[in-house]
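Please find the structures below.
Both of the next two complexes hold chain A, though its partner changes from chain B to chain C.
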Partner chain A sequence: MAKDKIFLNDQFNQKVEKDLLAHLLPNKKVGNIFIFVLLAFILVGIYAYYRQLRYGLIVTSMRDYTSWGVYISNFVFLVAISLVGSLFSSILKLSKATWSTPLTRISEIIAIAAIICASVIIIVDMGRPDRFINVLIHGRIQSPIIWDVIIITTYLTISVLLLYISLIPDLAICRDKLTDAPGWKKWFYKVFSINWHGTPEQNNILHKVSFMLSVMVIPVAFAIHTVTSWLFSTTWRPGWDSTNLGPYFVSGALMAGAAVIIVAMYFIRNALNIKEYLTDKLFDHMGKLLVLLSLVYLYFNINEYLGPAFKMVGVEGEHIIELFFGKYASMYWLVQVFGLVLPIVVLVFAWGRKPLPMLIISILVLLGAWFKRFLIVIPSLQHPYLPIQDVDESYRHYIPSWEEWAITFASFAGCLLIITFLVKLLPVIPIWETKKEEGNEPKQQEV
Partner chain B sequence: MKNKAAGHRRKFLKSSVYIGVSAIASSPFIQRCSSKEPDKEKKVKLLTTDGTLVEVNQSNLMKMSHQPASPKEARKGIPGRHFVMVVDLSRCRNARKCIKACDHHHQLTPDRPFIKVLRMQDNKASSPYWMPKKCFHCDNPPCVKVCPVGATYKRSDALVLIDNKRCIGCRFCMAACPYSARVFNWGKPKPQSTDHSYSPETSVPSQIGTVEKCDFCPDMLRQDKVPHCITACPNGALYFGDQIADSVTNGSETVRLSTLLRDKAAYRYHEELGTEPNVYYLPPSDRLFPFKEAPEGQPS
Partner chain C sequence: MKAIIVTLIGMILMGFSSSNYPVGGDKAPVRVYLESFRNTEMHQLSVRVLAKTEKRYLPAAGVEVVLYSSEITDSNLLGTIVTASNGLGTYTFSPAQFESAEKTKVAKYFAVIHENENLKGKETAISVEDVNLDVRFMIEDSIKLIYVNVSEIDSTGNNIPQEDVQIKFLVERPLSPLPVGDEYNTTDEEGNISMEFPDDLPGDTEGNLKILVRIVENEKYGSVEVSKIMKWGIPTFVSDKTIKRSLWASSANAPIALLIFINALILAVWGVIFYIVFKLFQIRKIGI
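Right, the complex of A and B next:
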């Protein structure tokens, strides 16, 4: 009996390794067109940024009053996406939800890509990027921007460590098995697997470190988005002056994060042909998770708008009217209905949690999340306490210029490029943990 | 017209001082020798402010710097002062002379003035009125709190200034200011003619990608003069002065600040925000002029 089991496990493990390493070998030219398209977007973005550096922020549609635009809302969006890393590699892991194991690495990769692009975008938004060094020389700890700089670097560091630590055993497998990989890849696997041989002692250290990191990342992840919300709630503006903003941002971020994972799962399982590992069952789990997170976000949404809408105080009330019935009403209701209510309705049904419907819903959620951040940033700025007068008519509206769109799309492309690169370099499903869980504890396969 | 004449006179004075300065600079040796024998000191002819020619001992001349305070010096306030402004709304008829003087002095283009005159109406039943709005130089300034690099700072004389050589252009201060007092150099500012280097006390020259606002003209305050907008107002609607000395002037009359504020029931905008502005407003009652809507073509 025992022998049979070991034999079966061996067989299973070999298959796992073969399947999950396949995409790391040089193969057909799949994905090259994709990469080319991404690079094209990035080049256009770079040209737009060159124009911005040359002529100043005048190339954007931002002006006094609407002094922050899509750069900032996109920054908030990207920071939100980055929260997904902590959700999978820590919250779900610590709560022993083993079904999520295949998704940990994808989520960590996405988190790192998003946080890198967020940092780039915030520099793009600066009027004087050449003076970034002033933040270090003259930084004032009282300013929420400095809090953000500190927390973003901390989160990026922990996320990279989290990805790397759990990767070491897999890199060792790559080192041992991928003998026909290109030279630089072999070199990479060899150096970065830092002599891992899976000895009990090594295993012990690895477990301790990764446990510590996954505990550490939770407060940091919450902080990163809470601090981002404080960039708004520490200012004197209608719509931002809210104590609800922190949890509102965090819950929205977790929801968007789950959606991003579903989209990534869908494309990765088709591109790499690993349907056996990213199963329909997994989609079902993700669907349920997304409903839960959407409900939490719905709760904070109601909280955010009900009070001000009930009282209708001064500019706060004007802001609400603008959102509910004014020039932002169509965007607002589309976002709330298709990005929040519809997902909840569809995903409570089992048919809604099949891969394709889930993909569509998740894309809606992501679009909703992006435009929601637009709605959080821009209308507030257009409702100052003293009326907007004595300025050019263009100061009252904000429609992003092509340069702003180009840079925004380039940030998405950059994000996808980093993800694609890492997926081509690293085993996207943690082999080591899959082997251990599925092989050694066969019961969990039945999930 | 008056403005122009004043400008000419200033220029003239400036050049006469230059003569004095250059005379000293060119004869350091004589100066040193002569200080030992005060009787045989070299005399210098100078023109005084009222136009008479005088002869003075060279050692009595002092080199006068025309450079405004450097960014470092400009971080310290003028000792013992606390500047305030009082706007008498009952005297404003949207003449916009303050804006003009300010634009001229700070070399601003009309699309981004430091001063705006807003058409306000508190409720439907009350009459509209004009509200000249500058930076309120708050005692609890939101912009200073949020600035990540200390480019915006508060001085001991109540002024809130911006060092545009340090500003990184994040515009957090613009988001934070509840009075929308700040303007940003979105593009390259128009070329400005100036013979001195940048100072936060003059806000000239402007720099692309940095923020600016009304600065209460500290270069004038250092010379014991009032900001340009005050003297420019033809209706004496703007008072400026020192809270510690308890006096303000609108250029023609000087009054006790505390009495003025008490008797006219002065108020400040959005007291509830806790910003503690240093600009007071006197209610638009008993007006000097009936309210008239702005003429066509004026940006509103």
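Right, the complex of A and C next:
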């Protein structure tokens, strides 16, 4: 009986390895056209950035009032997306939600790609990027911008470590099994599997550091988006002068993070043909998680707008009127209805948690999340507490220039390119954890 | 692919590059502007140098400009200046030169750029006439008034009033002078002009303000200034908080609690990160 079990487990493990390593074999040309499309977007973005460096920020539509434009809203969006790494690698892992195990690596890859692109976009926003080093040399420790620089660097390092540590046993499997891989890939697997043989001593250290990182990433992840929110709340502008901004940003980020995972799951499972691992059941779990996170975000949204809308004091009141009934009203209500309320309504039903409806809803959530950041940044800047006398009319409006759009799309393309590269290089589902949990040692019950 | 990458890097670097004039090849033509500024304590000559680059004249940095008075001879040499990155340079007269210039009715000054490997030579001159800028500060019926008279002294020692001379009223502030009163003020046929000084300007702790009255960039006189410290401002008491360690202080005066807190956090988190990296090396060693 015991021999039969071992035999079955071996068979299962061999199948897991075969399925999850298949896309790394040299004969699989997954997504080459997609890569060329992304590179085209990036090249257009680089040309737009060249123009920005050559002629200055005048090529953007940013002026004295709207000095943070689409770049900063995009930065906030990308930082929000990056929080997904901590959600899966830490929060769900530590709460023993083992159903989320197949998603940990995807979430870590997305987190790294997003935080790299967020860092790049903040440099792009600078008129003189060659002076960035001065921020580090002459920065004031009291400035939230310095806190942001510190926390982004720290979070990127931890995210890379989170991805890497959980990868080590899988890299060893790649090293041992992918003997037909190109030379550079074999070199990569050999060097970065750091002599992993799964000895009890190695396992012990790996579990220890993995747990340490899982615990440490939670405050760092919360800090990264809270500090980003402080960039706004410590600036005296209508709509930003709020103590609610930290949790409001964090809850919105976790919601957007869950949505991006669903979109990634949908395309990865079809592109790599791994529906057996990224199952419909997994979509169902993610749907429930997204409803929960949307409800939390809805709660903070109500908190954010109810107070100022009740009091309607001065410029705060003008800001609210502009959002609710003014020139940003259509964007505001589309975001709230399709990006927040509709997902809650649809995903509470089981039919709404099937892969295709989930994909559509998640895309709506992501679009809503991006435009929400636009609504947080731009309308507030157009209503300063101390307006300029006889202000130029162009200061009162903000429609991003083609250069800004090109760079913004290039940042998305860059993010997707990093994800695609890592998906083509690494097993996207943790093989060793899948083998252990579903094969040899099913220690934990699915929750 | 390599060619594309090289081209892209080149394009980006071009965005950063800027040169004031071509190095090697043709010598760039230059333009030089000379202005005079004097008050009761000093006399300055300001030079602005532009060099032609890519069909446009741009500020030229590091250009040596030699200044002379009366005529271009060694005995009339005032001094030499080198332009800064904005193409500007300022020469301040020595006490002896200042004293000598004060006695001159009509002074002539020359700025000379000698031809070098990058730039063509150029010289320019201005003449500066002596002028009498008489300023009186009065309080009439609690109204603070500034009376100004501009005149020249002719060869017989008589005052000749000067009409249509533009005057600016300013108050010294930490970054740049604050204009007060109307934007354009010109003297009448008697050479007179007056202005009502505002009551609501903050001064120092005793209410002192340094009031500047200027003839600005006049064709005959250059810029001429008379200044006086008057107790015409509102006394301002600077709170002690600004010099204590506060969130809005300079980085050197950051709150100690904040310094301890942030540095402890950074050390703790990065300490764990380095510990984990150390452990990864241990894993590698065990596997050998």
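As a convention for this text, the second predicted complex is superposed on the first by the 433 of 447 C-alpha atoms of A that agree within 3 Å, B and C clash if a C-alpha of one lies under 4 Å from a C-alpha of the other, contacts with A are read in each partner's own complex, and residues count from 1 in each chain.
The working rule: contacts are C-beta pairs under 8 Å (C-beta built on N, C-alpha and C of every residue); 3 or more make two chains touch, one makes a residue touch a chain.
All values reported here derive from a predicted model rather than from experimental measurement.
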{"item": "Clash-or-fit label for the pair chain B, chain C on chain A", "value": "clash"}
{"item": "Partner chain in contact with A:125 - chain B first, chain C second, else both or neither", "value": "first"}
{"item": "Which of chain B and chain C A:235 touches, first, second, both or neither", "value": "first"}
{"item": "Touched partner set for A:35, first chain B, second chain C, both or neither", "value": "neither"}
{"item": "Partner chain(s) touched by A:158 [first = chain B, second = chain C, both, neither]", "value": "second"}
{"item": "Which superposed partner A:197 touches (first chain B, second chain C, both, neither)", "value": "second"}
{"item": "Which of chain B and chain C A:140 touches, first, second, both or neither", "value": "both"}
{"item": "Contacts of A:65 with chain B and chain C, given as first, second, both or neither", "value": "first"}
{"item": "Doubly contacted residues of chain A, that is, touched by chain B and again by chain C", "value": "138-140, 142"}
{"item": "Contact set on chain B toward chain A in their complex", "value": "111-113, 116-120, 133, 142, 145-151, 166-172, 174-180, 182-188, 208-211, 269-270, 273, 275, 299-300"}
{"item": "Residues of chain C that touch chain A when the two form their complex", "value": "8, 11-12, 14-16, 247-251, 254-255, 258-259, 262, 266, 269-270, 272-273, 275-277, 279-280, 282-288"}
{"item": "Residue ranges of chain A in contact with chain B within the complex", "value": "55-58, 60, 62-65, 67-68, 125-129, 131-132, 134-135, 137-140, 142-146, 149, 231-232, 234-237, 381, 384-392"}
{"item": "Chain C partner contacts - residues on chain A that touch it in the complex", "value": "43, 46-47, 49-50, 52-54, 130, 138-142, 147, 150, 154, 157-158, 161, 165, 168, 194-197, 199, 201-202, 205-206, 208-209, 212-213, 216, 220"}
